[in-house]
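Below, each structure is written out as structure tokens.
Both complexes below contain chain A, partnered by chain B and then by chain C.
Now for the complex of A and B:
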């Protein structure tokens, strides 16, 4: 058996070469993987990493020294050894690739499971969730479009935090307008990306978006048609922008008024939607033990809800866009920093609140 | 199509709507808040409603309603109206 001698070789080299440590870590995993021949991998790794391949061959073929062998055969032996090395290296590269791919898949699966668990916790905390109780398991976990959104949103928040840091550092360091412009552009595009993500998510499950399930609890308290109220957005930006020119101030006031009007109009449309939906549902009758046949008009109304969510986001996007037109780069950077920190604080508040409510009385 | 052209030239602001459409309602409210009285044409109450709907689609609207015309020209749907409004 080659294994004992291979183990011997490995342990001898352990303290000397770092790559071997890595290799033994792989080895652990390879052992648990029934597809792979683990002892062999240890051997070939050693062969690949060890620059003095003659020494390695001692572990495999016995203690004989190369120089003790017949003078006529050293070239053949060397050739064979090189070929073996190449083959071993190739095999180990393939194995490494397979292993990494396995890791990636497992990682994604883990993230997905964690999100489902988080969803389950949310759903579990609302006891008696009405009609949702009809579905076995947790509604949040079933929709792949929503799972995707949650994963993407998690990444979005991480990137957001990074950008906020960058902005803060840049403003403190008094960098040039050019550099600031780049940061502001990135930040701006990042927000617009969120709107695209929400649009897709709304098609998958509009109630998920409108109820603000994707946000933390404190943020949800302020949720207006699936997000922050546009005028609130402007209000948060406001104080950071001073000093402003007279012209700018005037334009901001005009924008804020326009925003409020748009909000109000959209909201009245929403209320009308609620009203007509309630009337439609109230009018539906039980036909042969099922409400379903009568639900068609109600279903159409619910589809209209998607339009409202999209329109609300459109107002947010347009309001931001107009602010960028009015402001200088430096003002925009300060504003974006303030906005980012605003959301960060709410997320922190939610976390604090969540831990507080778990404490024993 | 002719009917559409005729209607849009009747008044400064013309909105094609459906009585069941809540987004149309929102757009109408917005104009009212601006102190404007648009001419609202409910195409579901018009016997030629289907023709009007087809004509509006042909003009390039993704959704037939709400369709807003200002000064005889098609401005667009809710998105376009909101954008214009916020731009001032």
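Now for the complex of A and C:
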């Protein structure tokens, strides 16, 4: 795009074509910016007048022009030229104003986009599983399964935030149990959807899921086989479910114990897996410059990791189901709100922490 | 905490020759069922029917370890029938025969590890976990005689 001053110069030299040409140039800009509608119409009118007068001075066709040409005197010519100059200058100033306004808008848009990008980065979205992606030996740093998961997870969180808002409003407004039931069902299905998403992602890159890479930094601190420990969650959120009947409280305690036992059993299996994997890797030898033949048993062990992640999520899912059996609809709504807000706060904490660490720079 | 009564003290289950030939299959004070001998595939059926709870799994499988640990945590000490890769087909067909054609969704495939309760197929790790968390597992084990109050 030419600078306005350059176009001003060319309009003086080139005669008829310029105003129309410049008009079409600025036309595209004006479409996107509604502020500039009034100056645009002004310029269009001026262009029409200008082209007519310039036609007359250069003697280009039209019977109406011939009458003017016969009556032309040198003084009129000079005056006309001055008028044309004034017009051209005025139009150029208007064009410059329009251009600057457009620059300002673009600048604001750019700032907004950069901000969004920063936010996305702080959320901890890494493409292709972190360090593996930058290893030169790996063909293609981007894992499509993981990229899909990241996009879906972003949408999931947005929907989650909406549902939390709905729950909060519903509880404050004291809506009927029937209406609450619908919200609770939606929330519950939403969580189950996350488990399905994680299952697919685990097949794409199990280490991405186990290390909790899609989560924010503070959430990752609590990561236990690709998510939070269900017993931990029950311990923290249990008190927020009160008032509960004694029977309910007892059932929650029993559920928590069952989760603990399940988690411990799973964890012992994980440790056994780690141990055998370490032994396998330690025993492998370099054969003709390659470790690959020896890696087959190790590879099998890594495949078992996918089952562990799935089983961990299975425990979470079952625990959630069980809570729905124990609690009333209203209690479940409160519980889901507490759960959602809990993770929201962790995400906020992560964001705060990330911006904090950037300040010294 | 439920205590598992050692197998040898149980009089209602007959001890047969088949069982004594494979001492590590007996649930006693030795908790680990692991050993170096290859298991006789045809023995699976016998051991399944003679034990209140039994786990059949691939040798060195970590999921099998998880199931075992979970059941042990409940006070059950199940025998673990470890299957070598070469015996897998034979054992699978044996188990399918035990389960009969009644079981749906099996279509000739057995997902290891698999748990038998009261001589009947109970399920894999998923079912064990699910029933444990819902609180159904312990009553089922008690009913099968694997647990005493």
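FYI, the second predicted complex is superposed on the first by the 219 of 361 C-alpha atoms of A that agree within 3 Å, B and C clash if a C-alpha of one lies under 4 Å from a C-alpha of the other, contacts with A are read in each partner's own complex, and residues count from 1 in each chain.
By our rule, contacts are C-beta pairs under 8 Å (C-beta built on N, C-alpha and C of every residue); 3 or more make two chains touch, one makes a residue touch a chain.
This is a predicted model, so every value here is computed, not measured.
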| item | value |
| --- | --- |
| When chain B and chain C are modelled together on chain A, clash or fit | clash |
| Which of chain B and chain C A:273 touches, first, second, both or neither | both |
| Partner chain in contact with A:254 - chain B first, chain C second, else both or neither | both |
| Common ground on chain A, meaning residues reached by chain C in one complex and by chain B in the other | 254-255, 258-259, 261-262, 264-266, 268-270, 272-273, 276, 301, 304, 307-308, 311, 314-315, 318-319, 322 |
| Touching residues on chain C, where the partner in the complex is chain A | 60-63, 65-67, 69-70, 73-74, 125-126, 129-130, 132-135 |
| Of chain A, residues touching chain B in the complex | 251, 254-255, 258-259, 261-262, 264-266, 268-270, 272-273, 276, 301, 304, 307-308, 311, 314-315, 318-319, 322 |
| Residue ranges of chain A in contact with chain C within the complex | 254-255, 258-259, 261-262, 264-266, 268-270, 272-273, 276, 301, 304, 307-308, 311, 314-315, 318-319, 321-322, 325 |
| Residues of chain B defined as touching chain A within the complex | 20-23, 25-27, 29-30, 33-34, 78-79, 82-83, 85-88 |
